[in-house]
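Letters A, B, C, D, E and F name the chains as they come in the text, with residue numbers starting at 1 for each one.
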Amino acid sequence: MLEIIKGYYAYFFLVAVFCIGLFGMMVKRNLMKKVMGMSMVQSAVILFWIVSAFKDGATVTVLDPARAVEDADLYLNPLPHTLMLTAIVVAVVTLGVSFALLIVIYRRYRTLEEPLLLEKMQ
Amino acid sequence: MIEHARPFDLAADRCGPSSSPIIRIASRGLAPLIQIIGLYVFFHGHYSPGGGFQGGVLLAASIILLRMGLGFANTQTVMPSGWTVPLGAVGGLIYIGTGFFAVLCGGNFLDYGVFPMPWLDPPHLHSYGILFIEVGVTLTVMSTLVAIFDHLLDG
Amino acid sequence: MSWLIEVFLFVLMVVSALVALRSRDLLAAAVTLSLFSFMAAVIMASLGAIDVAFTEAVVGAGAVGVFNIVAITLTTRESRD
Amino acid sequence: MKLHQALVLLAFAAVLTMAAMQLPARGDAASPANRVFNTRGEPVAGAHYISHAEKDAATPNMVTVILADYRSFDTLGETLVVFAGGIACLFILRRLKP
Amino acid sequence: MMTSHIPLLIPATFLLAALLIPLAALLWRRLSWLLAVAATGLCFFYAVKGLAHVTTAGRLHYHLAGWQPPFGIEFVLDPLSAFFSVFVTGVALLALIHAGRVVAHEVSGVDMGFYALAMLLLAGLSGMVVTGDLFNLYVFLEISALASYSLIARGDPRAPLSAFRYLTLGTTGAAFYLLGLAFVYMSVGSLNLADVSHLLPDVGDTRPVLLGLSLMVLGIGLKMALFPLHAWLADAYTHASSAATALIAPIGTKVAAYVLLRLMFFLVDPQYLRDQTPLPAIVGCLGAAGMLWGSIMAMCQKELKRMLAYSSVAQVGYIALGIGLASPLGFIGATLHALNHACMKACLFLVTGNFRVRLGHSTLPRLVDDLRRTMPWSAAAFTTAAISMVGLPPLAGFFSKWYLVLGSIQQSNWVFVAVLVASSLLNAVYFFRVLERLYLTPLAPPDDTDVAAAAATREAPASMLAPTLVLAGALLVLGIFNAWIVSTFINPMIPSRLGW
Amino acid sequence: MPVTHESVIPLLAVLAPLAAIPLILLSSRRPNLREFWTLAAAFTACGLILSLLPGVLAGRTVAYDILTISPGIALSLRVDPTGLFFAIICSSLWILTSFYSIGYVRGAGEKKQTRYFASFALCIGATLGIALSANLLSFVIFYEMLSLGTYPLVIHKETRESYRSGRMYLTYALSAGLLLIVATAWTWALAHNLDFRPGGFLGGVLADEGAARALFLLFIAGVGVKAGLMPLHSWLPAAMVAPTPVSALLHAVAVVKSGVFGVIRVAGFVFGPATMQAFGLDTILAAVAAVTIILASVIALRQDNLKKRLAFSTIGHLSYIVLGVALLSPEGFMGGLLHLANHATTKIALFFCAGAIYVNLHKTEISELDGIGKVMPWTMAAFTVGVLGLSGVPPINAFVSKFYLCKGAVSSGQLVFLAVFLASGLLNMAYFFPILHRAFFRPGGAGLHGHSEASPLMVVPIVIVAVLSLVLGLYPNALVHFFDLARGISQSVMAGAAAPLAGLAP
């Protein structure tokens, strides 16, 4: 049991964060809150990848002259790290664009509450 | 409507200079420091965590800090708003131009190993190639983040 | 035992996520979200992903925080939920 | 309505968790992504990068090498995403002079 | 020498153009349009050349930065991707030529942004088509998604909100895709599409792989507006500017459909998927439901663009149904319908743009002018495309439906047959409603008083009319030569594991 | 197998009317030129079709593959006796109708005449394509084209009623087309063949009775809508709002007859008599047809609108043909085919007369027709010929076909259908003769003064079709060997082989 928790707790937490983010996006009526939920979803996915790169007893992905580079088990898997750098950047830019949209929406309707927005659009 | 104090003087239209002298001075003093750190992060990306993106973000952060502290209009000399997007394009062009340069030299896209620099062995060609495209990344990230900030503020 | 510290960080992360979603003051929510990002960065660091952690810290607490604050100041600070 | 959505999400979380339990455990150095050779005896990308990055690009930081050399097109895409964000903000927020 | 670079050149030219346009616009505003059209034309040329090469001399693999596939990124031009890149770039070329006037009319002042984003959109879409790497696909997906969110955000006052909804849903879709990819990567250890599909049979416990695949399908389904995930589409297409809609609507969902094809026919053994898992059946049923729902919603719309948007939901359903059949005939039907629908929808949206430029609106009850007389060519193009949408031979739309019907009958799936029939009928209902507006004298005089002010006096300008007519003509040509298309281009792309 | 020759003539025959469409549209400002194109196309098409007749009578089959529609299926035209039989009827009656149409639209001052003539040409092209198509998919393509081309004609008047009828027509026609497509796809999935073959090609591949019935019902629903089989008939009376030449040509000849032609193709050339019998499909078809005959005649009795009465009469007579086919006896099949031709000439005469009465006197109801026999003697004489023919009175041509239909009922041993034919004949008399009675034996009202015959452009075609009916009644083999063709076709279908026509050439 402890083994399972030790091996998988990261996944459990990340699934929780993922679903919390989704919940925020689905249930919250404030557009800013939706964006925050979206950000959580993205962070959860990014961490999921990072966890996959972890190896017990391995060191960071910068070459250490003291450790043989031939033994791949001594270093963490650098591939997911790289990919997630890209994913983080993408997430940031998406957030920036969504803020831009929010500002435009607010300029026009003076509110970010979805029910009020829909009301004003009628 | 609750009246909250505004952390920075981000007026609805445009960002004015902060009313607090501490912030003005601090931003003026901190910005070069951040820029140096950013440049260090960028150049040291080969040997330690860091690289073009992080360096670019730090450089952008310094400019944004200046914008927030000293006001939008006063910092146009540091980074004119009209230049941000073209500068970003230039950064991208550096990157993609490196790629096409490799194609012109007979290799595949972004294959640094074919650059016509006989005094360098392939691993070092790759190393300098990496540095070169990171310049493009830094430039794009810096100017684009500033552009996003400017446009969010100004429209 | 290091994994217990990580569990603690995860718990903090989940809590900050919940707080960010529940807060009616968007500025507070934004700051909590920065905390969330910071927790994520620390977890990344503890998992050995230094590069990613660095980026996440710079971006999550820095760029996103600034954008968030700019957006909130330019729109509204209140949220109904 | 809120309850419905929460229930759907709970079910979804349960499914995700069940599937995640079948994934390699955290820290497993022999997982398909982390080991050196795959089931067909071919080298796996992650380990290959570890052992070849320094040789190929004379750069100790493997992440940098992968980012800007092995998978440099991803990074080009990433840069373009950033650039797209800038253009997007310009496009969305620019107020037209009447 | 250039031929071997074609897989790269298609997306890279778009990227280059996207970077050059902001600089060029500093010199001369009109240059951005010219540059966009030129770049798209160039890519179309590359794509055609690539298709010719692929059909005669076999597929093209391009190793970026010179690294071998599992380590480096690979672009692949195989029959499927070459085919898709040809029609994506072709339709985009026509839409961009058409956009010249519409942009000046609807989003003037930010035309540089429009064209730069259009180039990024096309770069993303064509990159998704040619890439052979699952993570690179995600990057391209995000480029195209970001561009389309913002393209859609400018239009009528409600556009930003619909763009915001699209953004949240689209980002969630991308997150689902990335999460699914994480499951697959952790189970297989590779990101290269060919490599993954080659290693998958060795994976012992396939539960994470299947869940990962389902998550990826879910994410792509969101992008593709597959039935219950289509909520963003109608608003997004309705409120955006005509130029943006005409550019995104025909090809955006098609490329997502392409990714779905890749995932379900090439990543995993489709026969295994069909026989052991409910995934194809679910996709097919969702497609069928979307066909009915989209058609019914389209019938209720008064705004032409909104009607066409719902019709897109229905048409995406056709493609999903073909994919869900997981048989060669279903594959042919889905691919052919992607092509046909891209041309039909592009034609319909271009005509809508013509109406908007000349009439200032595209609302059905107000289309009371004698459009048959004032805009005869636009009306004729609309008619052609509408009849093709209904699926009457010998226009293109009939033949893809024919393959879908054949495929459904082959599997004795009578429900799908019935849905295909019903959806075609509903198509006929809502399109003939428009055609009556275009061609027949209305019975009652309009109650709107501002109609007279909006009366069209002449046909759309040549730069808008020409692409419209080319598309309308293409529908006839595609219909007549569909057997050639199927046997020359589509048959070679059917995955061998599917059995033929 | 009969010798098959590659020839472009069938394609040209189909293209002649279609090629006229752009010419008609372009000359919309000059009515005379426009009508010239119509007539030129009509004569060209008819000439091309007739030029194929000697070859077919000599046992040659002419075919032309236009292009491949779908791997293994070509859009191809083939002139076999059956197709030629139908094509001759359509193309020759088109000439007459063209003249008549010109007189009619000018006399009635119709709007949008260009659209009218263009759609007309489209319909004829599509019908010729239906007649000459070599396989099911080509058939379907032309069938859909016909549906679409007819729509502008049905709504021609642009009144609320005509819009309603137009929508109804379109709904029926498109649904039918879709069912036909599904049936075709199913057939392809079963047999991997769609080429029409005398005696059918589904014989070996249909094993399951349920599937056979479902497929047959799909087909019959698909073609039955146009053929006016009950309960799929209701568009036909509604479509009578169209101008009369449209009703005449399309609703007595082209559209409905292509439906019936479809039944012939499906029963004789896709399923084949043996398969039909094996799965009891003939019974289904015959029952539907018999019910339609009786019901349509009874309903016709109660119509006061002349064109509606004619429409219901059409529905009944179409089912004669269907019943003839369903009897699965050589005589019945032959009678059905002959009735295809004979009903066309007689019914078109009746419609022409109705149109002439409308244009001339603006009368549409039967109760208003008192005494018009004296005002319009030629027209009403032709009307009489048509009525007598349809009621089965010799020596009008429809008698011949009815005779063979009855003979077929007898020889197939199903006397109940003989009773149906006879009863329907009586009903025919019951609903037609009162019109004659009113026209000739009742005094006309005051409104008839000062009126005389309609324009010669209308009267001459009317007289010609009446004479044609008479001639074909007296000499069934006259002019174009309808009788020989019909006999040859029915023999080849029943025998499941082609080419018994050899040796019948003049």
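Here is the rule we use: a residue touches a chain if its C-beta (ideal position, glycine included) is under 8 Å from a C-beta of that chain, and two chains touch if they have at least 3 such contacts.
Keep in mind that this is a model prediction, so the values were computed, not measured.
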Point to revise | Pair sharing more residue contacts (C-beta pairs) when A-E is set against B-E | key: A-E
Review point. By CA centroid distance, what chain is farthest from chain C?
Key: F
Check your understanding: Using C-alpha centroids, which chain lies at the maximum separation from chain B?
Key -> F
Practice item. Would you mind pulling out the distance in Å between where the CA atoms of chain A average out and where those of chain D do? Key: 11
Study note, to complete from the structure: Per the C-alpha centroid definition, the whole-Å distance linking chain D and chain E comes out as 26
Revision key, fill the gap. CA centroids of chain D and chain F: separation to the nearest Å works out as 68
Check your understanding: Residue numbers in chain B touching 2 or more other chains?
Key -> 47-49, 51, 53, 85, 88-89, 92, 96, 99, 109-110, 112, 141, 145, 148, 151-152, 155
Exercise for review: Could you list which residues of chain C touch at least two other chains?
Suggested key: 50-51, 55, 59, 63, 67, 70-71, 74
Practice item. Would you give the residues of chain F that are in contact with at least 2 other chains, written as numbers and ranges? Key: none
**Study point:** chain E-touching residues of chain B, taken from the complex the two chains share
**Key:** 85-86, 88-90, 92-93, 96, 99-100, 102-103, 107-114
Check your understanding: Contact residues on chain D for chain E in the complex?
Key -> 15-16, 18-20, 22-24, 31-35, 38-40, 42-46, 48-49, 52, 69-74, 76-78, 80-81, 83-85, 87-92, 94, 96-97
Check your understanding: Which part of chain E faces chain B closely enough to touch in the complex?
Key -> 5, 8, 12, 15-16, 18-23, 26, 62-66
Study note, to complete from the structure: The answer for chain D against chain A in the complex is residues 2, 5-6, 9-10, 12-13, 16-17, 20-21, 23-29, 31, 33-34, 36, 45-47, 49-51, 53-54, 60-63, 66-67, 71, 74-75, 77-78, 81-82, 84-85, 88-89, 92-93
Exercise for review: Can you check the complex and tell me which residues of chain A touch chain B?
Suggested key: 60, 62, 85, 89, 93, 96, 99-100, 103, 107
